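The same subunit A turns up in both complexes below, where it pairs with subunit B and then with subunit C.
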Partner chain A sequence: MNALYSLLFVFLLVFIPLFGVGLGHLNTIFGVCIPMTAFVIFILGFAYRIFKWGKSPVPFSIPTTGGQQYAYDPETFKQSKWDNPTNGFQTFVRMALEILTFRSLFRNSSASLHEVKGEPVVAYASAKWLWLFALLFHYSFLVIVIRHLRLFLEPIPFFVNGAEFMDGILQIGAPVLYQSDLLIIAGLLFLLFRRLADAKLRYISLVNDYFPLFLIIGIAASGIYMRYYAKVDVIAIKELTMGLATFNFHVPANIDVSFYVHVFLVSVLLAYFPFSKLMHLGGVFLSPTRNMPNDSRIRHHVNPWNDPNIKPHSYEAYEKDFGPMMAEAGLPLDNPENAKGTEEA
Partner chain B sequence: MAVPKADELFKSIDYTPPATGWMETPVDFSPGNWCYPAKPEILKSINFPNPREWSPEDEDWKLPPNWRDIVHQGFVERLEKYRSLKLFMDICVRCGACADKCHFFIGSGDPKNMPVLRAELMRSIYRKDFTLAGKILSKLTGSRVMEEDVLKEWFIYFYQCTECRRCSLFCPYGIDTAEVTMMARELLHLCGIGINWIMEPVSNCNRTGNHLGIQPHAFADIVEFMVDDIEEVTGVRVKAPLNEKGHEIIFITPSGDVFADPGIYTFMGYLMLFHYLDLDYTMSTYASEGGNFGLFTSSEMMKKLNAKMYAEANRLGAKWILGGECGHMWRVINQYMDTMNGDNQGPQMITPKNPVTGTVFHNAAATKMVHITEFTSDLMKHGKLNLDPSRNDHLRVTFHDSCNPARAMGLLDEPRYVIKNVCNNFFEMPKGTIREETFCCAGGSGLNTDEIMEIRMRGGLPRGNALRYVQQKHDVNMMACICAIDRATLIPLANYWAPGVEICGTHELVGNALILPGEEQRTMDLRQEPLPGFEDEDDDWTPPNA
Partner chain C sequence: MHYGGKIIIGLIIFIGLLLSPFAFNMGKAYKQPKLKLPAKEKKCVESLEFMRTKHMQLLDEWRDWALRDGKRVYVNHEGKEFEISLQNTCMDCHKNKADFCDKCHNDAGVSPYCWDCHIQPEGLK
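Right, the complex of A and B next:
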């Protein structure tokens, strides 16, 4: 049901520019106003979210340790440096592995129950599909974003040309097929399929989960349609996008409506991004169970709201309370008076 | 309330979610699904709000009239105090990678025991109260209004999480459901909802110094009994100093080691080791609890209870602290202690140095507290201990990593080193169930109470099944661990899932193997069961595995 709503909603979003530009000729609104607004929302919203997270302190050092600690004798007990870091550099490597290779997801396994010779057996099988397709999706997305920079930068930076060259290196078809186009669709379809096929996942999935998937599928599909089928006028589009980048707005007349659909969906994604789970992009860098070294036994970690007024139940009170019994058991007393006990006792 | 037989229970596990959505699926409040609520007099003794008599079974939980406000304000406050909470409320993508990592889900199939959904129980309220989309598009975005039913649901499911952090290891963003559980429990406490099994130990620990409320003279008596027992087994009378001033080291261990079988054998192992070394140490009745149920209650309570350790070290003039075998105690020491109470260390405290080997424990430079397996492994490495591992030859041993030392510290190889030095037969349980991926005993975070035995046995399935595997494959008959809660909870777990396997601490094995100067020939182990070759003396003895 949630999937259906999300799909319908994305369809609705496609119709808006189709009518707006196709029938209403609101080219400037859809080509300039909406994308610019969305971009501003994205930047401000993103910054606001990071700021809000940053405002709350990290009172305790709570890394999840994924291997042997730094021991008193590191030779006998070899530290798992990247899974249980103790200094800044090791923590940096842990984070880099996490963000660049999805290391935690790589651990993924799936538990299943069996009966073997009448005995219950819980089995754990390695389950790396999610990791693989998640990587495919994210890296394709990244490559596509980098490729798109050519539309906003002049001269085109070397890494954009590089990414584009690598992405089309198979030289299939004309225009040349980008592998990232195929892979992102494959990745997205797997993630969607997984969500629908796995009963546990379907059970927890919300509109918030299906919507970004359908939306990004929509973006990818409209992009592919523009490039390989409508064969839109890229020169005219670059005129428009350079106009956006330089605040020197200009809307050429001969751009296909599919471009406006694509741009509108991207605008929705940009505006939606800061208020959605997609903020994991920013959040993953801040996660205290990953970005902290396991060193709070070695170095002092400061909790800004640590309350110095919280004191233990004092030994004095304890001795007052139990003095007579302690004396009887031969335990030393700080104040021999306590051996007599208090009036009420 | 009777717990079904193991194979019946196993067959009853079904991973198919119910037909109704989770917000519509009612919660089962029949006895056995919840822990007994905290008694009002207990809550009063530690100044916790809204103490009263109530029962989860009743329709009316007698909540304070403004409970919605209390929860909302408490939520706001905690979002401001903890970045972890804010982040974990915001960034979950519901990828489900954590779902089948939780022992409670694996053993129950209840979708609300998937860590992601457990956290969603709270996130749904967060979205409603603190996000725009949640305010307008409630249902679609998984938001809901805070109602009594929601609060009740929290009580059930945040007390079906042992704060073991296994989910956090697998989450691509490190989302730690334990952190969410801790916050939810704090909010519940604000409304006077807590469980007695946690709050009574907290209250006792505060006043008498340990969970069971053993008073100082009784404590001294019990220690004396153990000294007698050691003498019975070894012929040597060891010293057991209590509350003495002017020693170099103060030793603090969970009180479970003092009063509960089989923890007492571990405690005997400590005493024998210290006697062997002629260690300059004392124990304390005032700080006679290493464990800290405050961790399962609130950060304030945790700090208050933990503060006794430094206070007592200062009073007695100890230079550093040696800590016994306990799981959550070591999470508190490694991740919280110095942050909370480091300021209270007296000037006499120094970076711990092993007086026998001269090793300086630089990795404890801030806390000044060393784990007993670090201490003992150091002694072994320097050849300072005279050991006869064959005295453990009747045991085929495996090792259970307790959640907290594993995932909140990384104390993995030190205890193994100790065991391998005192046992000839050591076998690991399967990969994926040990070290950082270890499975909980299902009784952590204060859930080691008997009224939820079925829940514990379900949650114990992954550990129990891994144990069963090595029992069948290698005839394992003893599971060692470094946690006092484990030593209590793993016994019913093993009886249920791998009957015939017994539980011990690592220092029980050390005590068996350690050759004390002037000891008599040993004919029995610390449990006073005959060693191989001496069975005849005791007719009713049967091998542990028969």
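Right, the complex of A and C next:
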């Protein structure tokens, strides 16, 4: 049901610009006002979320220790540096590997139940599909974002032209087929079918899991439709998008309605982004289990909640305070003198 | 803020990247490129709207028809016949790549591979 609601909602979102531009001729609203507003919401919302997370205290040192920690005898017990970092550089490498290669997804495993000689046996196996398709999806998305800079920059920088060239290097058809277009759809469909096919995942999937998937599928599909089927007027679109990027707004007349659908869906994504689970874009950098070095035996981690007026209380001081009571209860005392008590004497 | 400095630096870099196109284009106003249209012919193979958005599709089909199927005659939507040839038909009017093709292709960031095989039209008389 959650998937169906999300799909219907995305359909509804497609109809808004279809009617707004197709019938209402509100080209300026859909071409300029909505995307600019969405961009502002995205930046302010993103900064707000990061500030809010940044302000929350980190009471404990809680890095995940995914390998041999730095040992008393590092020769015999070799430290697993990228899984159990102790200093800033090692933590940086661990974060970079996590963000660029999704290392924790690579370790994903699946449990399955088997029957061996009439006995149930649980087996754990490596499951790399999620990692593979997540990687495909995210990198395709990155390439697509870089390619789109051709519409927002003049002259076009070399890396945008380079991305464009590499992405269409197979030279299939005209306009050339982008591999990222195929791969992002493959990645998205896998991420969607994974949620639909696995009963356990379907049970925990919510509208806000399906909605971004359908929304991004809608964005990719509308982009693919514009490029390979509708063959929209790219130069007219560049005039509009450059107008956005120079605050010199101008809406050319001869732009196909599919462009406005695409832009509207992207605007929805931008405005929705800061308030959704998609904020893992910024949040991944703030994961305390990844971005903290495992140095709790080297450095003292101070809980920011601690009241500075409360001083550490050693066992010696404790025994002094409660010596008579402890002696009465028959508890052993380190210093027998404490049994007499101090104040009463 | 725990890690406050690093978080703010990261946020500034991210927002800076998002806003960099505005800085890059500062003070520029973009206009669609003006093409140098051929003097001797007023009408292209197909209508202006068709050529503007679908010329690449036409050229792709022409290549397949001419080179793979040996079909050398194209009949346009008005029933007029053209020889299927980039060199003899298209470049008969559009003589200069820099004044015509490149104008839009540079702005759109596309580099078609026509000239991997064909001779670029600048060199022609």
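Throughout what follows, the second predicted complex is superposed on the first by the 304 of 345 C-alpha atoms of A that agree within 3 Å, B and C clash if a C-alpha of one lies under 4 Å from a C-alpha of the other, contacts with A are read in each partner's own complex, and residues count from 1 in each chain.
Note that in this section a contact is a pair of C-beta atoms (placed from the backbone, for glycine too) under 8 Å apart; a residue touches a chain by one contact, two chains touch by 3 or more.
Since this is a predicted model, take the numbers as computed values, not measurements.
> With the two structures laid over each other on chain A, which partner does A:Pro57 touch: subunit B (first), subunit C (second), both, or neither?
Both: A:Pro57 reaches subunit B and subunit C.
> In the overlaid three-chain picture, which partner chain does A:Leu149 touch, first (subunit B) or second (subunit C), both, or neither?
Only subunit C; A:Leu149 stays clear of subunit B.
> With the two complexes superposed on chain A, say which partner A:Ala329 touches: subunit B (first), subunit C (second), both, or neither.
After superposition on chain A, A:Ala329 lies in contact with subunit B alone.
> Quick check on the superposed pair: does A:Ala236 touch subunit B, subunit C, both, or neither? Answer first, second, both or neither.
It touches subunit C, and subunit B stays clear.
> Per the overlay, which chain contacts more subunit A residues, subunit B or subunit C?
Of subunit B and subunit C, the partner in contact with more residues of subunit A is B.
> Classify the contacts of A:Thr101 with the two partner chains as first (subunit B alone), second (subunit C alone), both, or neither.
neither
> With the two structures laid over each other on chain A, which partner does A:Leu286 touch: subunit B (first), subunit C (second), both, or neither?
So A:Leu286 meets both subunit B and subunit C here.
> Please write out, lowest number first, the residues of subunit A touched by both subunit B and subunit C across the two complexes.
Shared contact residues on subunit A: 54-55, 57-58, 286.
> Could you please specify the touching residues of subunit A with respect to subunit B in the complex?
Within the complex, subunit A contacts subunit B at residues 2, 5, 49, 52-62, 64-73, 76-78, 80, 83-84, 98, 102, 104-105, 107-111, 113, 115, 118-122, 124, 130, 134, 198-209, 275-277, 279-280, 283-284, 286-290, 294, 296-303, 305-308, 310-315, 318-319, 321-322, 325-326, 328-332, 334.
> Given the complex with subunit C, which residues does subunit A contribute to the contact?
42-43, 46-47, 50-51, 54-55, 57-58, 149-150, 152-156, 160-161, 164-165, 171, 173-175, 231-236, 238-239, 242-243, 245-248, 252, 254, 282, 285-286, 291, 304
> Tell me, which parts of subunit C touch subunit A in their complex?
Against subunit A, the touching part of subunit C is residues 1-4, 7-8, 10-11, 14-15, 18-19, 21-22, 24-26, 28-33, 49, 52-54, 56-57, 59-60, 104, 106-113.
> Sort out for me which residues of subunit B touch subunit A in the complex.
6-7, 10, 13, 15-17, 21-22, 79-87, 90-97, 99-101, 106, 111, 114, 116-117, 120, 131-133, 137, 140-142, 165, 168-176, 179, 206-209, 215-217, 220-221, 242-245, 285-286, 299-300, 303-305, 307-308, 311-312, 315, 333-336, 338-340, 342-343, 359-367, 369-370, 374, 377-378, 381, 406-414, 417, 430, 432-433, 435-437, 461-462, 465-466, 468-469, 472
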